[in-house]
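The same chain A turns up in both complexes below, where it pairs with chain B and then with chain C.
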Partner chain A sequence: MAKVLMKGNEAIGAAAIKAGCKYFFGYPITPQNEIPEYMSRELPKVGGVFLQAESEVAAINMVYGAAGCGVRVMTSSSSPGIALKQEGISYIAGAELPCVIVNISRGGPGLGSIQPAQSDYYQSTRGGGNGDYFHPVYAPASIQESVDLMQEAFDVADRYRTPVMVLGDGMIGQMMEPVEFFEREAEKTEKPWATNGTKGKRKPNIINSLFIDPQALEDHNHRLEEKFELMKKNEVRVETFNLEDAEVVCVAYGTTARIVKNAIEICKNEGIQVGLIRPITLWPFPEAAFEEVSDKTKAYLSVEMSMGQMIDDVKIAVAGERPVEFYGRSGGMIPTPEGVVGKIKSILGRE
Partner chain B sequence: MGDRRIRVITGHYGSGKSEFAVNYAVALAKQGKQVCLVDLDVVNPYFRSREKEEELRELGIEVIASSIGGAAIDVPAVSASILKPLHQKELDAVIDLGGDPVGARVLSRFYKDLQDEEIDVFFVVNAYRPETADLEGTLSYLRRIEATARQTVTGLINNTHLLKSTKVEDVLLGQELTQALSRETQIPIRFVSCLETVASELPDDIEGEVFPLQLYLREQWML
Partner chain C sequence: MQERAIFAGFGGQGVMSMGKLLTYAGMIEGKEVSWLPSYGPEMRGGTANCHVTVSDAPIGSPIITNDATCLIAMNLPSLLKFESDVVAGGIIFVNSSLIDNKVSRDDVHAYYVPANEIANELGNLKVANMVMLGAYLKAMHPVKEGSVIETFHKLFTGAKEKLIPMNEEALKRGADCIVIA
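Right after this comes the complex of A and B.
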């Protein structure tokens, strides 16, 4: 298929359908509304179901039910809506069911604003839900990457029986960009655990996250932990850029990484070498990438559209070996390349 | 640009209406006209022409949008001051409608105000948008927009593009579609709009006035 011009939200919907998603449950919220709009129009054409639930809580529990049946299912929302879904996400993680949750995030806390933000890093990587669980979080930086990662997200969800989040800030959802859809066979995963009818041939399957025996729950948590370790080993995605010779290494994801790349270009023209570590998976966090940094690097700079959340993971990865600085804008304000350059220069004492 | 005093820019969302509307308003202002840019987009929360209000004001263009200030406004509230350029005949108005029939509906509210006015309605075509990639889709959007806006399209704009990576071939591909639409509807092609660098490479005999665009709504880091 040739290139077309699509809005991030539309492209995410189209990619999900191409990945074999046939079921969508959701509730409207800006700036992700084009996803349910697209799904409501397109899913019936492929024999799927679009359902607007009465609330985010209802929608995520419908996802829970559909995922239990073994089908490819998704929901999407934006920051406060995702907060509402956290209970369901914890249940889905506990019951080990595959599904994809898209968060096109906006400013917060509370209702915040409808403008882009990255202040959902904590609620995406640490969960607002209860219990010991993690799930993969993909953070695309372009519409093309959003499309590619949606397909990946469904495969990984099935492979590990886990909810997977795709986290784009409002700009990723609202921006138009040229995009190309590549034919990619969806990974086939057997789902013997699905509650899709015994047909009189097997015992009924049970989907559950409740354990009345504490030992059984601890055993379950150990099994989950093994799964998380396996994902940490196999599913880390990262882009590194200009690390060699870099005096400062920026860490940024999503839209912000694009702005940082522009800042790096400006610095280069002024004779300052700056590198970038761009986590594509926020969980698992690409800790190993920090080992590629050279002795020339004096400091790290976490750049975020928030008051500073990912910086915690950067500090864990850096483990005190170098100073970790922060530059961010929040509330729907978007950092400028010039703002980032200013911070880099102040770190290096070259104002 | 000998168009009528009030120009409405409409089309499928993502076709490039707002970028054209801003450029068109700037071109009018540069001719010394007193210009009002009316942003009637109540559909899209991002990339609206009102975002550039400050720059446009410096060029002498008055931007009229929602009566409620703030870029993050997400309610379909339009300002009563929209009536100003409709009634004050000395003003030149560019009305930037929201995308799709749903966005065009806002205009029908002003049906009576526009009844005796000199009005052009321009329909923007981008052949790279999947919904308007062929004649059938484009024609369907045009007719449905006319119906909900209660206006008749008077001119077509070929604005086929892939943002900053647009090439001459892309514009020419869109020109074929726009010509087919023109033949079908008997509506003339009024403009062919594209990046300044591409505009200079277009054939001289292309149907419609070549209108070079500067990208006001795309940040430097965007594609």
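Right after this comes the complex of A and C.
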């Protein structure tokens, strides 16, 4: 198929439909509104349902219900809206149901701003909801990658019976880039657990996240843990760039990684070798990529559109072997390549 | 080649469309492109701008700060706001119908195009953006004019098809304003 020019939000909607998503429940919030707009126009054409709920809490519980029926379903929102959805996400994780949640994030805390930010790293990777759970978090850096990861997200959600989050920022949502939709068969997963009617042939399925017996819940937690370990083993995605001779290795995801690539280019022209580890999955975090770093590397630099959140995972991965520095802008301000270069030079003592 | 252009004006002047046409034309030519709009709680008649990158190599950051190769300013606030973002040796296109000021820097080249006057002569003020785009294409040629015309045919379909000749004419009239020594 030929390339088409699409806005990130619309491309995400188109990719979801291509992945077999038929149901969307949501509530408006900037800067993701083109996703529900697109879904409201396109889902009825494929026999699907778009429904604007009365609130974010209602929307995520509608997703919970639809996921329980075994259909491909999604919701999208932006930071404070995702915060409202955390209760439902925890329930869905607990009940082991597949769904996709898109967060086109904005500045915070609170209502914050509507400009791009990455201050939802903790919320996304540590679970804003209660309980012992994780879910995969994909962080695309381009519109093409958003499309590819959306299709992947639905497959992974079904395969592991888990909510999957796709975390973009306002820039990914609003930007236009050429995309190509590769025809790929949606992975077919049997869903014998779905509450889609017994037809008089089987016992009723029950979908629930409540365990009265502590032992039963602990057993459930152990089973979930095994699933998380399996995802850590199989679902890590990462891009590494220019690691061989790097004196400093930057760690950045999403649009920030693109800014860092510009900074790396500037440094290269000045004779400073800088590498990049770009986590594509924020959870599971690509810890193994840090083992590829050479002896020449003196320090890591976590670059984020936040006051410093992913830096915690970088420190865990680095395990104290080298210093981990931070450079970030927040509140909807966007780091510049020059700012990153300045920080790299100060780390190396070459102002 | 990497062209990094900022298109800016007030809401309704078609600055987003200018950027999109350039982006689309670049894509048709197989180049790497990105289009990044300003978005925010803007008021009607407030400022609007978009960042367009057209490149032979993959594009890193789609954001243009202090490194624009070009600025297309459709109104005065846009010129004042973005003038300093253009690199030394860069080009600024000024809509002289609405901007009396001259470009204050002497390390950039400026073209003054009376886009609104020309659009009015063509009978539709709305094509002022295409006049500016025509001037920009003639001076910078980041993409071929033919690719932009091809884009017209892709985007203006159905009832909008009748708008193509006027838009083509607007591009030509804009190009005529540029005399390259």
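Side notes on the structure shown:
The definition used in the following text is that the second predicted complex is superposed on the first by the 351 of 351 C-alpha atoms of A that agree within 3 Å, B and C clash if a C-alpha of one lies under 4 Å from a C-alpha of the other, contacts with A are read in each partner's own complex, and residues count from 1 in each chain.
By definition in this document, contacts are C-beta pairs under 8 Å (C-beta built on N, C-alpha and C of every residue); 3 or more make two chains touch, one makes a residue touch a chain.
What you are looking at is a predicted structure, and each value in this text was computed from that prediction instead of being measured.
Bringing the complexes onto one copy of chain A puts chain B in a clash with chain C. In the superposition on chain A, A:115 makes contact with both chain B and chain C. With both structures placed on the common chain, the touch criterion links A:176 to chain B and to chain C. When the two complexes are overlaid on their common chain A, residue A:244 makes contact with neither chain B nor chain C.
By the touch criterion defined above, A:3 reaches both chain B and chain C. In the superposition on chain A, no contact is made by A:225 with either chain B or chain C.
Once chain A of one complex is fitted onto chain A of the other, the partner contacts of A:261 extend to both chain B and chain C. In the superposition on chain A, A:132 makes contact with neither chain B nor chain C.
Overlaid on A, the two complexes show chain B and chain C touching the same residues of chain A, namely 3, 5, 30-31, 114-115, 170-171, 174-178, 258-259, 261-262, 334, 337. Of all the residues in chain A, the ones that touch chain C in their complex are 3, 5, 30-31, 114-115, 170-171, 174-178, 255, 258-259, 261-262, 265, 334, 336-338. Chain B meets chain A in the complex at residues 13-14, 44-47, 71-72, 74, 126, 128-130, 133, 161-163, 165, 219-223. Within the complex, the chain A residues that touch chain B are 3-7, 30-31, 107, 113-115, 142, 170-171, 174-178, 258-259, 261-262, 332, 334, 337.
Within the complex, the chain C residues that touch chain A are 20, 23-24, 27, 33-37, 39-41, 59-63, 65-66.
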